[in-house]
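Chain lettering (A, B, C, D, E and F) follows the sequence in which the chains are written, and residue indices restart at 1 in each chain.
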Amino acid sequence: MSVAKLARATIIAGALTLLVGAPAIAQPAARPASTISSADTAWMIAATALVLMMSIPGLALFYAGMVRKKNVLATMAQTLAVTALCSVLWAAVGYTLAFTGHAPLLGSFQRLLLIGLGMNSISPFAKTIPEALFMMYEMTFAVITVALVAGSVADRMRFSAFMWFAALWLVIVYVPIAHWVWGGGFLARAGVLDFAGGTVVHLNAGVAGLVAASMIGPRHGYGSDNFAPYDLSLAVIGTGMLWVGWFGFNGGSALAADSRAVFAIVATHLAASAGAVTWMALEWWTRGKPSVLGMISGAVAGLGTITPASGFVLPWQGIIIGLIAGLVCFWSCTWLKLACGYDDSLDVFGVHGIGGATGTLLVGVFAVRAVGGTAGLMEGNSVQLLIQLYGVVVTMAWSAMATFVLLKAISAFVPLRVDKQSEIEGLDVTQHGEALQ
Amino acid sequence: MKLVIAIIKPFKLDAVRDALVGIGVHGMTITEVKGYGRQKGHTEIYRGAEYAVNFLPKIRIEVAVTAEEADNVVETIGSAAKTGQIGDGKIFVVPIDHTIRIRTGETDADAL
Amino acid sequence: MKLVIAIIKPFKLDAVRDALVGIGVHGMTITEVKGYGRQKGHTEIYRGAEYAVNFLPKIRIEVAVTAEEADNVVETIGSAAKTGQIGDGKIFVVPIDHTIRIRTGETDADAL
Amino acid sequence: MKLVIAIIKPFKLDAVRDALVGIGVHGMTITEVKGYGRQKGHTEIYRGAEYAVNFLPKIRIEVAVTAEEADNVVETIGSAAKTGQIGDGKIFVVPIDHTIRIRTGETDADAL
Amino acid sequence: MSVAKLARATIIAGALTLLVGAPAIAQPAARPASTISSADTAWMIAATALVLMMSIPGLALFYAGMVRKKNVLATMAQTLAVTALCSVLWAAVGYTLAFTGHAPLLGSFQRLLLIGLGMNSISPFAKTIPEALFMMYEMTFAVITVALVAGSVADRMRFSAFMWFAALWLVIVYVPIAHWVWGGGFLARAGVLDFAGGTVVHLNAGVAGLVAASMIGPRHGYGSDNFAPYDLSLAVIGTGMLWVGWFGFNGGSALAADSRAVFAIVATHLAASAGAVTWMALEWWTRGKPSVLGMISGAVAGLGTITPASGFVLPWQGIIIGLIAGLVCFWSCTWLKLACGYDDSLDVFGVHGIGGATGTLLVGVFAVRAVGGTAGLMEGNSVQLLIQLYGVVVTMAWSAMATFVLLKAISAFVPLRVDKQSEIEGLDVTQHGEALQ
Amino acid sequence: MSVAKLARATIIAGALTLLVGAPAIAQPAARPASTISSADTAWMIAATALVLMMSIPGLALFYAGMVRKKNVLATMAQTLAVTALCSVLWAAVGYTLAFTGHAPLLGSFQRLLLIGLGMNSISPFAKTIPEALFMMYEMTFAVITVALVAGSVADRMRFSAFMWFAALWLVIVYVPIAHWVWGGGFLARAGVLDFAGGTVVHLNAGVAGLVAASMIGPRHGYGSDNFAPYDLSLAVIGTGMLWVGWFGFNGGSALAADSRAVFAIVATHLAASAGAVTWMALEWWTRGKPSVLGMISGAVAGLGTITPASGFVLPWQGIIIGLIAGLVCFWSCTWLKLACGYDDSLDVFGVHGIGGATGTLLVGVFAVRAVGGTAGLMEGNSVQLLIQLYGVVVTMAWSAMATFVLLKAISAFVPLRVDKQSEIEGLDVTQHGEALQ
C-alpha cells in the first residue's frame, strides 16, 4: 500500500534527518542582540500570555461546559495535564525538532533541553525577539493543539491512556507537521501558506480527534440518552477567552507589533463575528430558535477557519471567510456527523478539522499580495490553491495515519477507554476521585 | 394525621404557600423534583442532535395536617395551583401514624 | 391506590421509565436523592485528607397507581432497575387515601 | 413496616446518621429540601431591594424499618437532631405495605 | 415641541452631512507609514483585547450572574450576539460614519465596508498606530455600549426584538454620539471632554436602558417575588474581568503607551477601589451587612464614573471621584429606583447612566491642565463645567428620544417582550431551547 | 527574650527611619522624561493588568472553588474587599513607605498620598517607565499578598475582623518587608535576591496565614466532616488565570520588555508545568488517582517557588525548581499539616509559605551570573545561599511576630472568628446576607 510505503519512507527520512540535522548544531542561530526590539518583545509576551489563556482556562472551560456534570472536572483535567506535560516536553525535545536545523522532514537536536539558549539567542524565524520568547510562543501552540484533540474522546477516554497519547502525539504528529509548515520543512518550501495553524493546529487536531473517536467508539447511550451540557455558561466563558486569546494566536503569528498583526487581528475578529451570526441565523431558520451553543460554535468555527488566512487577507475578507465557516461547520456538525455516525463528542473534527481545511484552502482563494506577500486565486494566482490543497492532504494523511498507529500501539498496553460502569458513573469520580457537589 | 403531597408547577409555589398560610397551615416542606406525564417536554437543541426533555421541573410540597383539615388543604392547594393547562400536577393524601416535633418532643396534632 | 416509591441507581432511570411506559404507566415524579446503605461510597482525595463519601447519588421515583396495578409496577421497576450488584436500591409501597388531578379536579383512579 | 420521614437541620445530618448506624439501621435515603415553618428565614439584600427568604434549607431523611423498630428509630433521630432551637424539624411515621430489595428480590423485613 | 424640532433638524442635518461628507472620500486619511510606533501598537493591541474581554466574557458574566437561573444563558446570549452582530456592522458602516469626514453631525462614507483601509492607513485621531487598529479599538467600545443596554431589559425582552434593537441602535444612537464627541463633531468642537466614554458609552447606555425598561415594563413579580441572583459568583468573575479590562478601556483611550495612559489607569483603579469601599461601607451602615453584590456594584460605579475623567485628572483624584461615584450610584440604585418605580433589571441607569453623567460633570470640576491639556473648575476654569453639562444634556436628549422612537418602530413589527408564560418559564428555554441543568 | 528585643529595636529603628527618611523629600526622584521607553511602558501596563487579574478574578476563583457552597461568596468577598481597600491604602501610605527614601528599615513620606507624582516622575527602581506605573505595578503585589493570607482562615474568620487585619497588616507587615527586600532596605543591601516575591509575597503570606490559622483555630468539624470543595471548576479557572497572570508577576519584575523578562516567564511556565506533573505523579502513585485539586496545587506550588528565582536562573532550571516545588509542597500539605495539626484551610502555608522559602533558598543554589548578575552555589558562590537563608529567616520572624501581635490587638476589639452557629450556617448568609441558590 502506498500509504504504508509513504509512512516507511517518512520514518526513514526522519531518521536520516536527525543525522543530517545534527551537524547544524555547529551553526549557532544566535545573532547580535541589537536586533531585538523591545516593542515586538512587549507584544509577543502579551501574545504568548493570550495563547496560554486560550488553553487554561479558555479551552478547559469551553470543553467542560459542554459535557455532563459527571465529567466536568475530568474534561478540565485533560487540558490542564496536557498543558503541564506538553510544555515540559516541548522545551525538552519538541522545539528543537520543530524549529531548528534545515532538514525537510524534521529539525535538529541543536536546542535539545534548550541547551545553548542564551539571553541573546535569536531564532531565524523571529529576528526581533529573544529566541526564548519564540520558543515559548510556539509552545503554547503545541499545547493547545494536543488539548483540542481531547474534545473528540471526551466522556470516555481513560486518563492514563490519554496522557500517553498526549506525550507521544506531540512528538510524533505535531512536531513534524509544525516543522514541515513553519520550521522550513518541505511544505514550507512547496509554498504552503498557513499563517497561524489551519493545518498544523486545527486540521491536525480535528483529524486526530476523528480517528481517535472512531477507534474508541461512541459514548454509551449516544443517540438515545440526553447528553445536554451541564453548565453551558462555562462554555460561554471559555468562548470569550478563546476569542480574546485568538488575538494573540493570529496576531502574534506576525511575530511583531506591526500592521500585519493588526490586519490578522481584525480579520480574526470579523470572522468570529460572522461565524457566530451565520450559525445563529442557520439555527434560527432550521430549528426556530438560536441556541447559545450554536452561537459559540459559530464563533469558534469562524476563528478556526480564519486562522491560516489571517495574515494573508484584508480585514473585510474575514467577514466572508467567517460566513463560509459558519455554513460549512454547521453542515459538518449537524449533517455530516449524523450521516457518518461517528461520535466526535465535542465536534473537534466538525469545527476545527473542517474549519481548518476550509480556511487553508481559502487562503489560496483570497490571499492578497499586499498583505502577506503572496497572491491567491482572486488576484490571479490560481496555483496557490493547489499548493494549499497539497498542504491539506499531507496534513490529513500524516495526522490520520500516525494517530491511528499510535493509538493502536498504546492500546496494547493500556485500554484506551474506561469500562462501561466507570463511564456511566462519570470520569470525575472514577478517574480523579472527586466531583462537583 | 395525613400527609398531603402535591406536585405542582414551580411558578405556582408562591400562590400555594400564600393560600395555605391563609387557611392557617404554617408549615410545609418542598422539594425540587422532575415530573413525567401527559405534558410533553420541550426539545433541546444540541449541536447536531435534538433531545426531547421529558422530565419537566416541578415542585413537590409535603404538608402534614390533621385528618379533619386534610380535605380543606387539598382543596386549597388544588385551586391555588390550577392553571387549567396540562401539567398542573397531582395531589396525593397518605396516612400518617405518628408525628413528632423534634424541638419539643410533642406528638401528633401538637407537633404540627 | 398505592404510592410506589423506588430508590434506584441513576443510570437505570431511562430503562425504568421505558419499562413503566411499556406497561401503561404514564406519569411519575423523580427526585435526585442520596443513599446510604451496604454499597460503600468512594474516597475523595482532598489536599492532605481523604473523606469517605458515604452518601451516593440515587434517583427516587414516585408512581401513584391503583392497588391492582401495584404489584405489576413493583415487578416492572424491580426487573428494569436490577443490575444484581450491591446498591441497586429498594422499592416501598405506601397506601394512598386520595388522589386528585389538579387540572381537572378528577379524583382517585381517574386522576392518574 | 414503617417509613420514618424526618425533616432536620442540614448540619445535624452526620449526627443523625451516626446515631442510626449506632442502633443498627444501615440504610437511609436523604433529600435536600426546603422548609417553611415558624423559623423565619433571613433577609437577603439585593441592590435596592430586600427579599425575605422564607424557605430554609433542610434535609429530609427516609428510613424504612420494621414496625417494632419504628419507635426506637424515631427516638434516636429525635434526640440526635435536637438543638432545642426553633426550626429543628419534624418526624412523620407512615405505613408501608411492602418493601422489596431490587438486587435480590427479597421482600419486607429481609429487604431492609 | 422643541424636542421634535431638534429631532427633525438633526435628522435633516444628518442627511445633509452624508452628502457633505461624501466628497471627503477624495482626501485619503493615510499618511506616511513611518509614523507608526511599534510600542504604541503593542499597547493598543493589548488594550483592544482587554476591552473585548470586558464584553466577552466580562459583561456576559457580570450580567448573567445577577439574573435567576432560568435566564442565565439568555442573558449571556445577548452580550454574545451583540458582540458578533455589532462588530460586523461597525466594520461595515459604523466606523466610517463615526470617525471619518469633517461634518459636525455625522461622519462620511469614506471607509464604508472598510474600503481603502490599507496596511499603511492612519487615522487622524490616532497617528501612531495603524488605522485598522484604531477602527478595531473603537469597535470594542461600540459593542460594549450596546451590550450594556441589555441589562435594563434582562429577564423579559424577546431575543429577536433585541437583535433588531441592537443593530439599529448602534447606527442611529451610538454612531452619531460617538461622532459628536470623539469624531470631531459638534460636541468635540464645543470643547466637551470625555476621555473614554462617560457620555458616549455609559450615560448613553444608561439612558437608553431606562427608556427601554420603562417602555417594556417591569418584570412579572417585580416587588413581590424573590429575584435573588442565581449564581453571584459569575458576577464576581465578570467584575474582575471588567475591572482589569477597564485598563484597556481608559488607558487605551490615550491611544499611546505613555504617561497619560498610565495616569488614566491609576485613576481608574483607584476610583474602582474607592467606589467598592464606599458602597460596602454604606451597606454595612444602612443594612448591617456588606453584600458582595454591593461591592461589585460600587466597583463598577467607580469605573463608569471615572471613565470620562480618567485622562484629565491626577491619580489621587480617582479616589475622590470613586467615592462620589459610590455615594451617588448607591443612592440611585436604592432610593431613586424605588421612588420612581421603574424596573431597570440590572441597574444600567442607576450605575452607568448616573455614573457616566456624574463623571462627565466631574471632569469639569477636577480637570488638570498638566494632565489632559484642559483645566477645570478647581483650576479656575469654571466654564468647563457648563460645557460638560451641555455634553450631558445633548447625550441624554438624543439617547432618550432616539431610543424611544426606535423601540416604538420595532414594536410595530415584533413584540418587544416575551409573553407572560415564557417569562415565567424562563428565557433560556423559551428563547434558546436550552437551560442550565 | 531576644525576639522581643529585636522587635523593640526594630520598632525604634523604624521610627527613626521616618525621621531620617524625611529629609530625602528634598531629593526629587523624578528624572528627565526622555528616559521613559514606550515599549517598556507598553509591557509594564500589560504586566500590571495581568497581576491584577491574578487577584480578581484569579485568586478569588481559586480560593472560592475550594470551599464549601455556603462560603463561596464570602471567600470571594475577601479578595474583592482586600483589592479595593489595600489599593487605596497603598496609594495613600504604602508606596511611599516602601519605595522612597534611603533608610534601611522603612521608606520616607515623600510620596504620601502620591503627592508630587507627576507625568514625568520616574522612580530610581524603574528608570524606563513612569513612576505612576511602577507605583501601580507594586500595588498589585501588595494586594495579592494580603489576599493570599485569607486562604488560611477561610470558612471562619469574621469579615469585619478580616478588614481590620488586611488594612493594618498591609502597613505593618507587608510594607516594611517590601522596603527591606525591594526598596533598598537592609535585606537588599545584604544582597538577598528575590526577583518577584519569594520572601515578600509568598513566604510572608504563608507564615502570616499559618499564624492566623493557629490563633483562630481549626474549622468546626475539621478532621471529621466532609469539607470537599463545592465547585472545583472555579478553582481550575482561577488556576488558569493565576498561571497566565504570573507572566506579569514574574516577567514584569524585570520592569522592562527584555530578555530577562522572557527568561523569567519561560522559567515560570516550566516550573508551573513541572510542579503540576510532579504533584499529579505523586498522587497517582500514593493514592491511585491523580486529582484535579492535586494538579492545580502542583501548578501553584511551582509558580510560587519559582517566583524569587525567575529572573536569576536559566529557563530549563525552571523544570528542576518546579519538580522540587511539587515534592516539597506535596509533602507539606499532606504530611506536615497533619503532623502538626493546624487547619490552614486552603494551604497557604503549605503551598506559598513552604514554596516561597524553598524558592528563595534555591536562588542561592541555581543563580546564574549571566542571567541576573549574581552567581549561586552551582557557579561556586556558596555564600549566596547563606544570604538567602538570612532573608528567609528575617521574613519569617517579622511576619510571624507582627502578625501575632496584630491579631491579638484586633481581637481585643472584634472577635476574630464568627460564632459557631454562623460558621455552620455559612459565612455567605451570616456575613453578607446572600448565598448561591
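Criterion: contacts are C-beta pairs under 8 Å (C-beta built on N, C-alpha and C of every residue); 3 or more make two chains touch, one makes a residue touch a chain.
All values derive from a computational prediction rather than experimental measurement.
J.: How short can a chain-to-chain path be from chain D to chain F, counted in steps between touching chains?
T.: 1
J.: Identify the chains in contact with chain A as well as chain E, in label order.
T.: For chain A paired with chain E, the chains in contact with each are B, F, in label order.
J.: Determine, among A-B, D-E or A-C, the equivalent of interface D-F; equivalence here requires over half of the contact pairs to be the same by residue number.
T.: A-C
J.: Looking at chain pairs D-E and A-C, which one is connected by more C-beta pairs in contact?
T.: Spelling it out, more C-beta pairs touch across D-E than across the other pair.
J.: Taking the mean of the C-alpha atoms as each chain's centre, how many Å separate chain C from chain F?
T.: 52
J.: Using the average of all C-alpha atoms in each chain as its centre, how far is it in Å between chain B and chain D?
T.: About 18 Å, centre to centre.
J.: Residues of chain A touching 2+ other chains?
T.: Only 37-39, 42-43, 46, 228-229, 237, 287, 289, 291, 293, 433-434 qualify.
J.: What are the residues of chain C that contact at least two other chains?
T.: 31, 44-46, 94-95
J.: Under the stated touch criterion, can you name all the chain pairs that qualify?
T.: Contact pairs between chains: A-B, A-C, A-E, A-F, B-C, B-D, B-E, C-D, C-F, D-E, D-F, E-F.
J.: Using the touch definition from the top, list the residues of chain E that touch chain A in their complex.
T.: My answer: residues 33, 36-39, 41-43, 45-46, 48-49, 52-53, 55-58, 60-61, 64, 72-74, 76-77, 80-81, 83-85, 87-88, 91, 113-114, 117-120, 129-130, 132-133, 135-136, 139, 159, 234, 237, 431-434, 436-437.
J.: Under the definition above, what is the set of chain A residues touching chain B in their complex?
T.: Listed in rising order, the residues are 223, 226-229, 283, 287, 289, 291, 293-294, 297, 333-335, 337-338, 347, 350.
J.: For chain D, which residues count as touching chain E in their complex?
T.: 44-51, 53
J.: If you look only at chain A, which of its residues touch chain C in the complex?
T.: Touch residues, chain A against chain C: 221, 224-225, 424-425, 429, 433-435.
J.: Considering the complex alone, what residue numbers of chain E touch chain F?
T.: Answer in residue numbers: 37-40, 42-43, 46, 50, 68-69, 228-233, 236-237, 239-241, 243-244, 247-248, 251, 256-263, 265-266, 269-270, 272-277, 280, 287-293, 295-296, 298-299, 314-316, 319, 370-371.
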